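Here it is, the structure, as structure tokens.
For clarity, chains are labelled A, B, C and D in written order, and residue numbers in each chain start from 1.
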Amino acid sequence: MLVVMQEGAPETQVQQVIDRLVMMGFTVHRSTGVTHTVLGGVGPLETFDTAEFEVLEGVQECHRIVSPYKLANKRFRPQGTVISIGDVKIGGSEVVVMAGPCSVENEEQIELSAALVARAGAKVIRGGAFKPRSSPYSFQGLGEEGLRMLRAAADRHGLLVVSEVMDRSQIPLLVQYSDILQVGARNMQNFNLLRDLGLARKPVLLKRGIAATIEEVLLSAEYIMSGGNYEVILCERGIRTFETATRNTMDISAIPVLQQLTHLPVIADPSHGVGKRGLVPAMARAAVAAGADGLLIEVHPDPDHALSDGAQSLFPEQFMELMGQLRLIAAAVGRSVAE
Amino acid sequence: MLVVMQEGAPETQVQQVIDRLVMMGFTVHRSTGVTHTVLGGVGPLETFDTAEFEVLEGVQECHRIVSPYKLANKRFRPQGTVISIGDVKIGGSEVVVMAGPCSVENEEQIELSAALVARAGAKVIRGGAFKPRSSPYSFQGLGEEGLRMLRAAADRHGLLVVSEVMDRSQIPLLVQYSDILQVGARNMQNFNLLRDLGLARKPVLLKRGIAATIEEVLLSAEYIMSGGNYEVILCERGIRTFETATRNTMDISAIPVLQQLTHLPVIADPSHGVGKRGLVPAMARAAVAAGADGLLIEVHPDPDHALSDGAQSLFPEQFMELMGQLRLIAAAVGRSVAE
Amino acid sequence: MLVVMQEGAPETQVQQVIDRLVMMGFTVHRSTGVTHTVLGGVGPLETFDTAEFEVLEGVQECHRIVSPYKLANKRFRPQGTVISIGDVKIGGSEVVVMAGPCSVENEEQIELSAALVARAGAKVIRGGAFKPRSSPYSFQGLGEEGLRMLRAAADRHGLLVVSEVMDRSQIPLLVQYSDILQVGARNMQNFNLLRDLGLARKPVLLKRGIAATIEEVLLSAEYIMSGGNYEVILCERGIRTFETATRNTMDISAIPVLQQLTHLPVIADPSHGVGKRGLVPAMARAAVAAGADGLLIEVHPDPDHALSDGAQSLFPEQFMELMGQLRLIAAAVGRSVAE
Amino acid sequence: MLVVMQEGAPETQVQQVIDRLVMMGFTVHRSTGVTHTVLGGVGPLETFDTAEFEVLEGVQECHRIVSPYKLANKRFRPQGTVISIGDVKIGGSEVVVMAGPCSVENEEQIELSAALVARAGAKVIRGGAFKPRSSPYSFQGLGEEGLRMLRAAADRHGLLVVSEVMDRSQIPLLVQYSDILQVGARNMQNFNLLRDLGLARKPVLLKRGIAATIEEVLLSAEYIMSGGNYEVILCERGIRTFETATRNTMDISAIPVLQQLTHLPVIADPSHGVGKRGLVPAMARAAVAAGADGLLIEVHPDPDHALSDGAQSLFPEQFMELMGQLRLIAAAVGRSVAE
């Protein structure tokens, strides 16, 4: 950590800061410049709030210089992490498409969904069994019965399953039915949930919260990894900004930024990023062009009658067409999408 | 709901929208204007996603005209809600101050805290026993032992207790020790937690999420109320914006806006809103001047040695001075703060 | 316009709103529903502030249903606008690349720049002669001398010129040297400047302000067009959000959204969008994949010694490599980039 | 400036950064820590883009430690600036209220306005003669004729005048009629305008842009001051956030933050901050409670018939009542508002 003292800060104030640093376990290195005294502290993991130093008398500002996450840090595994599930590899040269309806609604819907996404080249089927809805009066999902349907349909079509875990108590159930455990944007900082997922033996797909900085996403990944589960997939899905033309603003630049900072695979969810199907193909293409390792896309056999998120679900034919475009774009960046 | 058709939308498209509305249980009223056909739908609670209609062919835009929350709506109880706990009334003419340290650390710290906040005129002591920390390597709270200390100190000084519940599983414990159950900003849309709190028999203090709109705060309150617990206190504590000079940007205007929309009491947490103690008094005064029904303030007997959030905790003498100012400001808006 | 009255609003309030609408030139159509009375107003261009009606007694909300811009509206020219300058067509099937240094610095620098961008396949050279700098102590540009150098270099290499006009008084000078007049993000709502550009006989490249909504961008284009100049190119270059990992957050979804709303060509400026060269290629590729009609890219023969914005300028070899990738991506979306 | 090298950065990279710093005029002080080498540079004003160093190989991050503004810095005049115009003092113990209509509309309207604001205790009348409107089809102001009316009305009632200058070319006109030259939020970074105002001999009221950081506000003030005009009044008027319940989100915390950073007076404009009159009194009270040196408030003798911004203009009786409340709140913070 670096603590910059104010111009002309008296020696007593400098000493107070040094004492505080030492008390917190830092080895302090002092550098007296022409205008400012700068204290460099080498210590334990830098997880404290820098404001604790900034409010000390005589302190101008404070900067953390050691990253507050270590397991998620690129330096921890510079070659990158490839997560293998069966013969699907996430984070490798193939761009992995995960697709399906927002919610599992019934046997027929999920069977039709599985058939279509498998035919199009997706490797993973998505579908929610527990739906976090912002109104208490909306459809809340089929629960375990939905998970069972999803698993069966996936198995019939050789697909993996990704489904959301909303609460710590649901982990055992999800582990039983799903290959990848999804953490929704609203739970990105549900630290109890993250800690428990650190003990799970399944890969976790961690969605960025709509107000989460990139550093906070990595700290949440660190929570999971610090429990021993290193298979974390990060997912950009739009942040909240002043623009109201789209539901959220998809931060496509988060993809290359994350790839500089971490070894974990990074995918994108254009469906939630924009909220309207007419914009989903353009954003899916953009994500792959920017280097995404995968996509999470909502597609429904009959979006007009979907029980949730119908407006952002692609029609089957739109999805097929998009997959063709994605193959060309993946090739342009030296990657591939399965046929 | 109002659906505005595009200029020149053909009759078949208008009919498709009407059919869809009818299918969803709406009674439809059609109004054919010079440029636009407008469909008015009267139906069940308006909790659907308006995007579902906006993606239909020929539709220009769609507006919800019935509020998506009803129990939290001002119209439900126009005279306002006053929550009585013992002889403390929240939402009445008195501005209720809730104060104390970020975390319960040990017996002595919490006893000193209780003594000082009681002496200053606060009616409720705050203090966390379970701390949601953004790093897995930070202090995580004393758990039940902390709650026990907090309760005992409060009882010695005639104070009520407010403490945070981080997870559904903690509700029984919190109900036992705390008078008010606090939902943190990160849990504002943890719908499972909200639902369970709807069954609790204790008032809930619901903090606004850092990216939550005012409508979303009210929908979360509705979740709790729809379970039968009508005693919800809303709390503004800063939203995330581009400005980095403060930890968050306190949305003081949310106080009068909420008071127009809902009958529930509205308080403010300036400590989390700004993150540095030097700014807390100004924002506490601003909140009361804007009409807040209460304040949640961090104060610590020895902030320089606090285990968490020391930088935003007031020193005891600052807190005493602030309480004096708040009495004058409360009087200026026709209210009072206890001596 | 639609005015939704509050539930149970008395007849006198309804009449007051009707009178106000009539006074403002609207023809009013009244629709009395079960819960709400809705007033539809057909009138002049909808440029008023809807808040004017929302503060009337008994009014619940008010929605504009006629777009506040008409010349920029897609409906005005559904086939799209192609701007031809010499044999360069912006808005056609070719993705037009405009590239060059942030500022014109000297003869040699601009000659090297022109040579390299022409060789790489760009059709337009960019370069600022007047620099709006946020500090009064920074390099402010070479002025007319810079424009002269830029024009000469462009002519030697068969390129068009785009350069920024910072102030109304600079228009005559820019018209003389530049083929496209650029309006910077900070001037997007400098309405006097926009009005004067409406009288110019040169295409205008209008950059989105960092806090401008998509509707505001279109209203600014309308300002220019209402003066008679219909050749406006819109440019997404990043909006300000809470994320600090990049200088701005590039709103890639603005590209397809704008293409649904307007007939004007839409380009992207990834250099200002992200602010660091390492991220520029990913975002340039994303913009083309999302459907951009062109790109504005900063490249410098020697970025390490650039007088401004060196950190976001590509090295020559990076730019050459990027152009190759862009050709493949353009092909994937049915377009082309010149060799 | 501090440049933090990456862990393990080789000596050649350290040397390159040192060379670059020296080339730019810095004296470099090197500090080799256990994990990181840190370079401290003491040099000219720190106005460069830190990204220029962050993109150099081996550099982890870079921090400016000398403020990029000096004349606006609190340290330049720690006792604070009081701007005296006639017998009105802005920045002293009195909270100065500036009030009046959005636009000057006609003789009668401005005379009624002047009479009412003078009677209520305001010291300055506001009123626009040139209106920057976001639509080219809206009322654009009366121009010089409006200024003449405003000046005459102010003189009849012993008021000062504040009015907006939209463009460099209007400065001579405004200087002739107005006591304070207002720079609107959209012009906060119109650097040519700021520079010319630095040569004016009248105080400048500088409004914060809706996407401007506090540091950027101070840099814009520095532009004006660097020209020799040290009489700058800063004005918080709302920033753009995701919340749509109010037109902007008023950043009340900017008031105490600015007062820590600068010696210049800080006022607030609650009318533009919220956009609806029902919320203006609460926010005006909040601003004074937070320490504002003054207020800019829209009030109109007949808001229902105002030509612009009627929805946010107070009715005369509302304004009178508010002034009474403000006197009590000012007293609570040791200040006063004139009778």
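Observations on the model:
The working rule: contacts are C-beta pairs under 8 Å (C-beta built on N, C-alpha and C of every residue); 3 or more make two chains touch, one makes a residue touch a chain.
Treat the numbers as computed from the prediction; the structure is a model and nothing was measured.
Touching chain A and chain D together: B, C. The greatest centre-to-centre distance from chain B, using averaged C-alpha positions, is reached by C.
Centre-to-centre separation of chain C and chain D, using mean CA positions: 27 Å. Rounded to a whole number, the gap between the C-alpha centres of chain B and chain C is 39 angstrom.
Between chain A and chain C the centroid-to-centroid distance comes to 31 Å (mean Cα coordinates, whole Å).
Among the residues of chain A, those touching two or more other chains are numbered 211, 240-242, 244, 278. Touching chain C in their complex are the following residues of chain D: 20, 45, 47-49, 51-52, 54-56, 68-69, 132-138, 166-169, 186-187, 189-192, 194-195, 209-211, 216, 219-220, 222-223, 226, 240, 247, 275-278, 304, 309-312. Listed in rising order, the residues of chain B touching chain D in the complex are 211, 213-215, 239, 241-246, 249-257, 260, 273-274, 278-279, 282-283, 285-291, 325, 328-329, 331-333. Interface of chain C with chain B (complex): residues 2, 4, 7, 27, 29, 31, 33-36, 38, 40, 42, 60-61, 63, 65-66, 75, 240-242, 244.
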